[in-house]
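One chain, chain A, appears in both complexes that follow, with chain B as partner in the first and chain C in the second.
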Partner chain A sequence: MALKVVIGLEMHCELKTKTKVFSKSLNSYNDIPNSCITAIDLAFPGTLPVVNKEAVKKALKMAICLNCEIPEVLIFDRKNYYYPDVPKNYQITQNTKPVGINGKIDVEVNDQLVPITIHDIHLEEDTASLDHYFDYSLIDYNRAGVPLLEIVTDPCIYSPEAAVAFLEHLRNIYKYTDCSEADTKKGQIRCDVNVSLKEEEAKELGTKVEVKNVNSFSNVYAAIIYEIKRQTELIESGKKDEIIQETRRWDEESGTTIRMREKVESIDYKYYVDPNIPKIKIESKWLEEIKAEIPLLPLERKAKYIEDYNLSSYDAGVLVKNKEVSDYFEECLRLGINPKEASNWITSQIMGYINKHDIEINEIFLTPKRLLGILNYLNKGTISSKQAKELFFMILEKQEEPDILIKKHGIEQLNNDDELINIIQNILDNNQSQIDEYKAGKTKVFDYFIGQIMKETKGKANPVKAKEILLSKLK
Partner chain B sequence: MNHKFTNEEVTKLADKLLIGISEEEAKDIVEELTFVADSMNVISEIKEIENLEPLTYPFNLYETSLREDDDYEEGHNIEDLLSNADCIQGREIEVPKVVG
Partner chain C sequence: MIKNLHEKLINKEITSEDLIKEAILKAENSQKELNAFVTIINDPEKQESDSLLSGIPVAIKDNLSTKGILSTGSSNTLKDYIPYFDATAIKKLKASGAVIIGKTALDELGMGGTGLIAATGPVKNPWNQNKITGGSSSGSAAAVAAGIVPYAIGSDTGDSIRIPAAHCGVVGYKPTYGMVSRFGLFAFASSLDTVGVLTTSVEDAAIVIDQIKGQDEYDMTSWNSKDINLLESLNGKVKDKKLFYIKEICDINNYQDQTNELVKTIEEFHQTLKKCQELGIEVDEVSFDQKLLDSIYPTYLTIASAEATSNMSNLTGIIFGPRGKGNTIDEMMKDHRTKGFSSLIKRRFVIGSYVLQKENQERYLFASAKVRHLIVNKMNELFTKYDGLILPASCEPAPNVNGIKSIHLRTEQYLAIGNFGGYPSITIPSGFVSDMPIGINITGKIKDDANILNIAYALEQKLGYKNQIAKGEK
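And then the complex of A and B:
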């Protein structure tokens, strides 16, 4: 019996704004605990939430990017539940008229475009963060009220790879549009993953298990793999009934999911329209303005790189996968660097360096302008490609300008014909037996001579010139 | 709406909402809810009220001005805020651990 996995995702992402979604407290990460809170965040009596325009704008921008239907009027609702992370005993969210419904986006999975349909996108307030200790928890309300966008897909994803590709794609859109920093390390993204299995041909979905609050994409992948294995084993051993609709959590330490609660006992949230927030009419003129602000998104940039700059699909894909990398590439082009040359340096040398050191491209000292410095020397023939690579690492490590390093370390290609002729002649004079071998047909000896030239010039000889001179001398 | 609230029903609702209430409290809540229900019944008697869309805000105010995201407000004095909490640790509020 072939089983098919069906996955639905709920991705929460904090939006980038100066202030919180309903109050004027700072939306700031990693501040001193309980320092960015006002009476509104704590729901003191008599306070009224006032909706942040920028948060609504960014939520709408995401809804446009995901091709959603946007209602004429937005409504905020109260989701009632009792938990220490929500000081009001309800969370302001959207249930009746969210910012977007019925969206659709194509995601690239192994070079294939896979359609993902979006059930809805809603803007809500984040909850306080809880730090759990042995027998107590501490509450920091700084996060309470931070604008949070929840994107809910339909159960339309059929592999863990597609799930992660979708999340990465969304993270990119958040970054490209500057709607969020979308940094998982800062806890700005959290996912709920719904996993069920069904027989390949079955029309009805299997029993859904929800894995809550997964905080990284690698954990989303691992949680899905684990659930597929767990549910498959239960089905194959005739214990299908043991798969129940429930909420589980991902336990990173054991690499398993652990039952939190059964859905049948789940809390009734008793949603109702928040009477403190008037309905918000979305003017079509405003929507047009927001639309006009959306830059080229990753897949559009990729297509442009392939078409306009003749890059390979692979290289273009590597460049757009990270917005900062793509921006770096575009800055290189703005400075006049040849697109292929820029792409080669970024995808090989620079990516290799930042991946090895686990840093971001905008953290390195080698800015596009400094890369241009290297390339100018290289293209003028002042330095060889080997020297260019040496200079590249020197700039990164010593954090000094290319001009200064070139002078300081005498990095220069030996281009002077007379000097090269002298050196080569000298080497030939001392290696008569190798010349004889070469002339007898042992052409590999040629490389031996090149090696000698490089040794003699400490790698500075212009290799093209050196080869030319050597060839003429050996004739 | 002629619903009669009972102690049992209120206790069940409290349980759903994860609130522990005593029998005495349940009795008080039944009284309060009965008062609310009676008041609602008065409204329900208005002729053809079922044809009206429920109002969720005092005015049908669609042209709302949203708040510009520029000014921010300094956080409240933490000592003042923490003085409302029963149990604190440093700048944070301490609560019983709620997840395993």
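And then the complex of A and C:
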């Protein structure tokens, strides 16, 4: 009996706006607790929500990127439940007319495009953050009212790899469109993962288990793997009945999911239209303006890199995987750097460096302009490619301009023909036996001579010239 | 009255200090008999302005947020709540130089139509202390009727300004929905709530709303009314205006229980209609579907209770209000709400929760929305032919405090039509039945406040109860 996993995702992501979604408090991370709050966020009597247009705009932008149907009017609804993380004891969200429904996007999984369908996208307010201690809890309302976009997929994902690829792709879109920093480290992304198993041929979905509030993609992956294992074991040992519709949470420490509550009947949130927020008409002109602001998205950029710059699919993929990297690459092109050369430097040297140091590409001292500096010296032949690499690390570590470093450290290629001829002649004079070997057909000896030349010149000899001279001398 | 006071202040015949002192004194002296105030402010804040309201005292219904002043909504859930911000209407009043001398009692959080269920105890009618004031703007109506303040701010969700105005013999004006910002008004039913005013003349009502109206960046349902100047619109020219009344409400034969007071009130109403005609106003009788009329109260109760249930979820005693007792947050909230709310409110919450339940929404909430829509459509259609609807504000004068059969039951609530459609609606005194004042109500189409007020203004002159305050039994 082959089992097939069916996954549905709910991805919550905080939008990047100046102020909160329904108040004028700052939407800012990591401030002193309870410093970004107004009477509205705390639901003081008489306060009313005012919809932040910037948040609506970014929500619409995401809906457009995910090819959703966008309604003519947006409606906000109340989700009623008592919990201290929502001071109003209802959360303003969208149920009746969300920003987008029936979306679809292709995601690359192992070099294949996999279609993922979006059930809906809705804009809501984030809740306060709670810290529970032994016999008390602390509430920080800074997060209460931060615009939160929830993207809900259909149960249409069939592997943990595809789930993570989808999430990474979405994070990229958030960043490319500047709709969010989409930083999991800052808790800006939280996912609910629905996992069910069914027999390969079965039409009906299996019983759905929801794993709530998973806060990193690696944990999403691990939670799915765990649920597949747990549910498979239950099914295979004839305990299928023990898989019930329930809500579980991911426990990072034990690497397992733990039951939170049974969903005998799902909770009635008594959704109804919020009377304080008039219907928001979405003018088609506004949508056009928003559309025009959307930059090329990762897969579009990738296609362009392959087609226009002849990059390999792999390199293009590496470049677009991170918006900052892709932007770095494009800045290089704007400066006139050859696309292949820029790609090579970024995908090998630069990516190697930032991965090793766990930093972002826009944090390094080596800006595209400074990279251009290195490449100018290299392409003029002033320095060798080996020296170029040395210069590269020097710039990063000493944080000084290429010109200054080259002067300071005398990094220069030995290009002078006479000097090279002298050095090479000297080496040949002292290595008669090797010359004989070479002439007897042992061509490998050629490399020995090159090595000697480099040793003598401390690697500064222009390798092309050195080769030419050596060849002519050995004839 | 306001213009008159203003002129006297300008001409230095009186001083603002004296006016304020007198109002505070009257308020204090009235408390034992009327119990209209939750808070009387002895050293009120003053801000000079050249508006007509400058230096003149005002009382504010206690469900409006006043900075630094206790604002309880007449509920024990907020008995210690001192807001740190002003409602937009209050901000505007202060900027106009109005001097707040007190906060008035209401039926808890605006719910209830009697004036009997304020946390500070029942409010009495200045005309006769055995009579109710009606509610929920009970204290505001009583304070104006007793001549303590020339005007008081109220709020109206079903008829909460217009009924107490009728029972207390004063003017009660509910502007078009959203004309005055709701920011800082303790929410009862957001789609119906309106800030308005109680005065002793139509002119005063126009003056006050002119000062506090306007679009507010803190209330998305407010709208720009810059082009409307109510005071300037009062010219008394009403010839060829058209009013209609609803046959089913105004025909005595349509009532089974024909009390003496009902008969007299209806008679008085038809006398008023004659006066309208004498002014050159055309008055038509229009028949309304009895089923729709009968649906007004259940529709109102359903919508208002549903919205109230959700709106008042913020009253938990956690962030503000007295902290409840308990070991868990749920226990604390439960304790706070169990002790804090009166039984009437709890009953509304039960109804509200019930109709909001997923399985009941279709049957109750959506059905109510549909009925509301039907009524509003019918009214809008009539407003294409008529300037306004004229009705008795109440079919009887204020009942006896002890005569209220049940504070839970008030089936006569046709003035809620005004809230269903967000229409401007004004009650003015129109006479007496059994020595108690009665009023008539005029309701017009949305944003046509100036027209409605002008008709009321002309009729007020004809009826002769302008600037009326209670002589009362002292």
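Quick note on the criterion: the second predicted complex is superposed on the first by the 472 of 475 C-alpha atoms of A that agree within 3 Å, B and C clash if a C-alpha of one lies under 4 Å from a C-alpha of the other, contacts with A are read in each partner's own complex, and residues count from 1 in each chain.
Keep this in mind: contacts are C-beta pairs under 8 Å (C-beta built on N, C-alpha and C of every residue); 3 or more make two chains touch, one makes a residue touch a chain.
Owing to the predicted nature of the structure, the values given are computational and were not obtained by experimental measurement.
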>> Quick check on the superposition: with chain A as the shared anchor, is it clash or fit for chain B versus chain C?
In response: clash
> Is A:51 contacted by the first partner chain B, the second partner chain C, both or neither?
Replying inline: both
> Does chain B (first) or chain C (second) touch A:428, or do both, or does neither?
Replying inline: neither
>> Is A:396 touching anything from chain B or chain C once the two structures are fitted on A? First, second, both or neither.
In response: neither
> Which holds for A:275: it touches chain B only (first), chain C only (second), both, or neither?
Replying inline: both
> Looking at the overlay, does A:306 come into contact with chain B only (first), chain C only (second), both, or neither?
Replying inline: neither
> Between chain B (first) and chain C (second), which does A:42 come into contact with in this model arrangement: first, second, both, or neither?
Replying inline: both
> Which of the two partners, first being chain B and second being chain C, lies in contact with A:32: first, second, both, or neither?
Replying inline: first
> Where does A:84 make contact in the superposed view: on chain B (first), on chain C (second), on both, or on neither?
Replying inline: both
> In the superposed arrangement, does chain B or chain C reach more residues of chain A?
Replying inline: B
> Looking at 369-377, 423-431, 441-449 or 459-467, which bit of chain C clashes with chain B?
Replying inline: 369-377
>> After overlaying the two complexes on chain A, where does the chain B footprint on chain A coincide with the chain C footprint?
In response: 39, 42, 50-51, 80, 82, 84, 268, 272, 274-275, 277-278
> In their complex, what parts of chain C are in touch with chain A?
Replying inline: 63-65, 71, 73, 78, 81, 83-85, 87, 182-187, 189-191, 217-221, 306-307, 309-310, 313-316, 318-320, 329-330, 333, 353, 356-358, 361, 365
>> Give the list of chain A residues in touch with chain C in this complex.
In response: 39, 42-51, 78, 80, 82, 84, 87-90, 268, 270-272, 274-278
>> Per the contact definition, I'd like the list of chain B residues that touch chain A in the complex.
In response: 16-19, 56-57, 59-64, 66-73, 75-76, 78, 81-82, 89-100
>> Show me the residue ranges of chain A that touch chain B in the complex, using the header's touch definition.
In response: 17-19, 23-26, 32-39, 42, 50-56, 73, 75, 80-84, 130-140, 249, 258, 260, 267-268, 272-275, 277-281
